[in-house]
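Paired with subunit B in one complex and with subunit C in the other, subunit A is shared by the two complexes that follow.
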Partner chain A sequence: MFKLLEGPQTLGRGKIFWSCFLTVLAGAPAYPLFADSYDVGNFAYFLIWIFMALGLCLMWGYGGMLSFGQTLFFGIAGYGYGVLAINMGGGTATIAALALSVVLAMIAAGILGYFMIWGGINGIFFGIVTLSATLVLAFFLGQTAGPEWHIGPARLNGFNGMKGMDPLTVGDFYIEGSALYYVMIALIVIVYLALRMLVNSGIGNVIVATRENPQRAEMLGYDVRKYQLLTFVIGSGLAGLSGALYTSWGQFITPSSIGLPAAAMPIVWVAFSGRSDLTATLVGSFLLLFGFQTITVYSQQAALVLMGALLLATVMLAPQGFVLGIGKFAADWWSGRRRRGAGAVMMEAGRLRSEES
Partner chain B sequence: MSAELFSLFYQFADVFAFLILSAAGLAIVFGMMGVINMAHGEFIMCGAYVTVGLVNLGVPLAVAQILAALTAGFIGILVEFLVVRRFYKRPLDSLLATWGLSLIVTQSMLLIVGSAVRGIGTPEGSFAIGGYTFSTYRLVLFGCAVAVLAGLYTIFMKTRFGVIARATMQNAAMAKALGARTGRIYAISFGIGTGLAGLCGALYAPTMTLIPTMGATFVVESFVTVVIGGANVLLGTAPAAVFLAMIRMALNASYGQIIGQIGMLVAVILIIRVLPEGLSSVLVRRGR
Partner chain C sequence: MALVEVKGVSKRFGGLTAVSGVDLAVEAGEVHCLIGPNGAGKSTLFKLIVGLYPPTEGSIWFDTVDITAERPYARVQRGMSIKMQAPSVFKELPVRQNIQTALQERLSGAARIAEEDRLLTLLNLGPDSEKLAGALSHGQQQWLEIGMALALKPQLLLLDEPTAGMSPEETFRTGELIKSFNAEGMTVLVVEHDMAFVRQVAQRVTVLHLGKIFARGNLESILQDEKVAEIYLGKTHAH
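Let's look at the complex of A and B:
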């Protein structure tokens, strides 16, 4: 099973990559020991969004389905967590609320995905239908300010946002600050490794084959629609996980984290990082979130202009993504220095080219 | 009785005009180049701002609206030349590039002009039929929507440019081999598309609050109309708008705007399950 951690669908293999991975993993738990608690909380906040980026990377980079609906499922699970946590009361029930809200997002993804995938929608239309659904949810939630909009005791509150839910809690212990940070690190490691195994498994190969040529994959006897739906549900479920964690982190969610320009953010992170690889997405999204947060303190508009410019620059200059490009360049340079023109480099180059088509 | 009937027609005309005016530009660009212009809403916003700016300077409303549409058209040609042109072979990347543009424009506008601009009121004028009063301007909008459809029909079916444009739409390489300057056709079509977006903004500018993010109000309607219309936009857009306007009108009347919008979206999702290529695919089959 662990053999699947490495394979043709993921970059980064061998001793050097895994020793870097372990170094980072060993360094991560030490961070709260010397950083102040505000920084640790901020750090945990960046990590929340990584799931959404990894989900989009799976759908877009591996499955070839460009979904603009990450914030739709983010919102469904985010509001879902709020409603459930308020209705079920705090305490350990919040863990159940987290799980249920992610399931809720996955069910929604299953329904929307069924109609789109079985209808044969792909390419551009897949993007704009998912974006339309996202915007409609944001408009809908935006006009729920009145007291008549409530689910049990949970008021939706329109643009002012929903609040009053408990954060994740076990017994009497609130998972906040550095505890939340450790939970996030653990979740990210689990999700990252699980996705690596998924894309290198037989299922992952079918997903990639479908991206390359759906007709060919179908001729080989696979019902590609089922694999696409599975990819869409997993990818959207990860967006849901981000949403539920976000609500729990701030005990607050508003429609503006669903509509524009929020809906564009996952696209920017993944496009900039390099959609065809999980590791590149992980690293790139983190860097972008860090940069974005730093600039947002001064001006949110300026930060968003920069995000737009990055997206434009990425598609014009490096359609494969900047982080992936730089990473590949470094890896090629390193291995090229060790054994010139070695097979590994050629294999990587071949993989890159086949994605281009 | 006739007053009720007219009231129904009025509500239909209102929604129909909104759908056609917001979708026409997007549909032309999609039909010609297979590109969805994600900055469509920003061209609408551009049209609205130019209109209001000119009216505040003392230009008559109608003149300001025409100038605004032309401005949006020229900016569109510029954008085509600088950005969109590179992406005709990569339609998904064109989506991302124009979305990047849209982010840059919206947020820069927020930075530069701030969130509120003094608007201009809806032109006065109303008339009464039976016990109901109706705003004249809403009917003017309906007239404009019909005029846009008629204008597009004339341009694409009756002029030399239209023949070459349709040839390019069917088979760009062949049209090029026959001597059509496809690059220029694309640029002009993109300009027409963004000009129509500007017109939409110009026409709706008097009826709504001007904010830099106002484009978002139009994009859902324009997206779903294009999706339901299908690949052959000259054939599909108008029937799609009629169909969606019927649904929207029925729901708006009894449940309000937001349920109308949700209902429209649900209808679209159900329809793509059976007609993924949109209404135009059915019409094309019928025509054969």
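Let's look at the complex of A and C:
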């Protein structure tokens, strides 16, 4: 099974790559030991968004489905967590609220995805429909300010947003600050490795084949609609995980976390990073979120303008993504140096091989 | 026994009738060639058989089962496999991964890798197995697509102009390959323009003209049919 961690669908293989991975993983738990709790909390905050970026990478980069509406599922799970946590009474039930809210987002993705995929919607129209659904939800939630808009004791509160839910809790212990950071790191590692195994499996082969040539994939006996729906549900579930964790982190959620500017952000992260690879998306999204957060402290407008500029620069200069391009350049340089040493230079077609496994 | 039966099938695109009232039976174990001038409806008939187009009228049967309403993937799962007219491969994926994607439902582990190697060698693609499929020549892409179709080990192999873009040597080799698959029991339905190739492989021939069956029979009777020569070469040349 662990063989699937490496394969033609993922960059990075061999001892050097995994040594780097383990070094970063070993260093990550040390961060809260020397950083102050505010910084650790902030760090955990932008790690929350990584799941949505990885989900979009799976759908767009591997599956060829550009969803412009991942914040739809972010919002469903985010509000879902709030409603469930309040109605279930908080405490350890918040863990169940987290799991159920992600399931809720996946069910919503299953229903929307079924109608889109079975209805033959693809290409740019896939993005238009998902964005439309997102804007509808954001608009709807924005007009729920009245007291009549509640689910049990949980009030939706319109543009002011929902609040009053507990953070993730085990017994009397609130998962906040450093604890939340460690949970984030563990979840990211699990999701990243699980996605690597998925895309390098037989299912991943079909997902990529469907992106390349859906008719040919069907002519090999695959019902490509089921694979597309599976990809959409998994990607949306990850957006939902981000949403539920976001609500738990801040104990509030507003419609603005679903609307147009929020919906555009994952596209920028994944496009800048390199949509066709999970590692590039993980690293690139992390860097962008870190940079965005840092600049936002001084000026949110400047951070948004920078995001727009980065998207334009990506389209013009590195359509496959900056992080992916830099990674390939480094790999080519490294493998070229090694092979020159062996007296043979071979071109590697599009894939990073830091070391032959 | 007929493996595939096309019963009274028509296909209209708006005002254009591409296929009109066609009845065709492909017997199990034969190599059946479908010939006809450009625009005769051969590729449309192929797409109707494999399910890429729904027929306007008529029905299609495979192994005595009515498959008219089935989607293409379900027909493939029943035992059909097709090589399209234009090369249809996964161009951004390595050659070996193209074959692997076709094989993975049937074989796994070492058996799958051995079969990948066998097919790549058979199709002269062994040295190019790590290249992206889009980097192959047109002829090689044709081979690769034939390999993907064969990887499914189908009962019925549909080949739409399998030798387009191939050299005479490659064309001959393709013919010999088809005959060897047929000798192992595979039924083959081929659309082809190259009459030398048709002579090499065909056991029965159906001529399609203006969307209708024009003639059918064994190769010799078709070749001696003056009307067939007329539609292919024009009256002046036929006499």
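Heads up, the rule we're going with is that the second predicted complex is superposed on the first by the 340 of 357 C-alpha atoms of A that agree within 3 Å, B and C clash if a C-alpha of one lies under 4 Å from a C-alpha of the other, contacts with A are read in each partner's own complex, and residues count from 1 in each chain.
The working rule: contacts are C-beta pairs under 8 Å (C-beta built on N, C-alpha and C of every residue); 3 or more make two chains touch, one makes a residue touch a chain.
Here the structure is a predicted model, which means the values were calculated and not measured.
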item	value
Partners on subunit A (subunit B, subunit C) - clash or fit	fit
Partner chain in contact with A:Ala97 - subunit B first, subunit C second, else both or neither	neither
Touching partner for A:Ala105 - first (subunit B), second (subunit C), both, neither	neither
Which of subunit B and subunit C A:Met165 touches, first, second, both or neither	neither
More subunit A residues in contact [subunit B versus subunit C]	B
Which superposed partner A:Gln143 touches (first subunit B, second subunit C, both, neither)	first
Which of subunit B and subunit C A:Ala264 touches, first, second, both or neither	first
Touching partner for A:Ile188 - first (subunit B), second (subunit C), both, neither	neither
Subunit B versus subunit C as contact partner of A:Cys57, first or second or both or neither	neither
Subunit A as apex of subunit B and subunit C, Cα-centre angle in degrees (nearest 10)	80
Distance of closest approach, subunit C and subunit B, by C-alpha atoms in Å	5
Subunit A-facing residues of subunit B, complex	34, 36, 83, 86-87, 90-93, 95-97, 99-104, 106-108, 110-111, 213, 216, 219-220, 223-224, 226-227, 258, 261-262, 265, 268-270, 272-276
Residues of subunit C defined as touching subunit A within the complex	50, 52, 71-74, 76-77, 81-82, 84, 88-94, 97, 100-102, 104-105, 130-132, 135, 148, 152
Touching residues (chain side subunit A, partner subunit B) in the complex	66, 112, 114-116, 118-121, 123-125, 127-129, 131-133, 135-136, 139-140, 143, 259-261, 264, 267-268, 271, 299, 301-302, 304-305, 307-316, 319
Residue numbers on subunit A that touch subunit C, as the complex places them	8, 202, 205-206, 208-209, 212-213, 215-224, 349-350
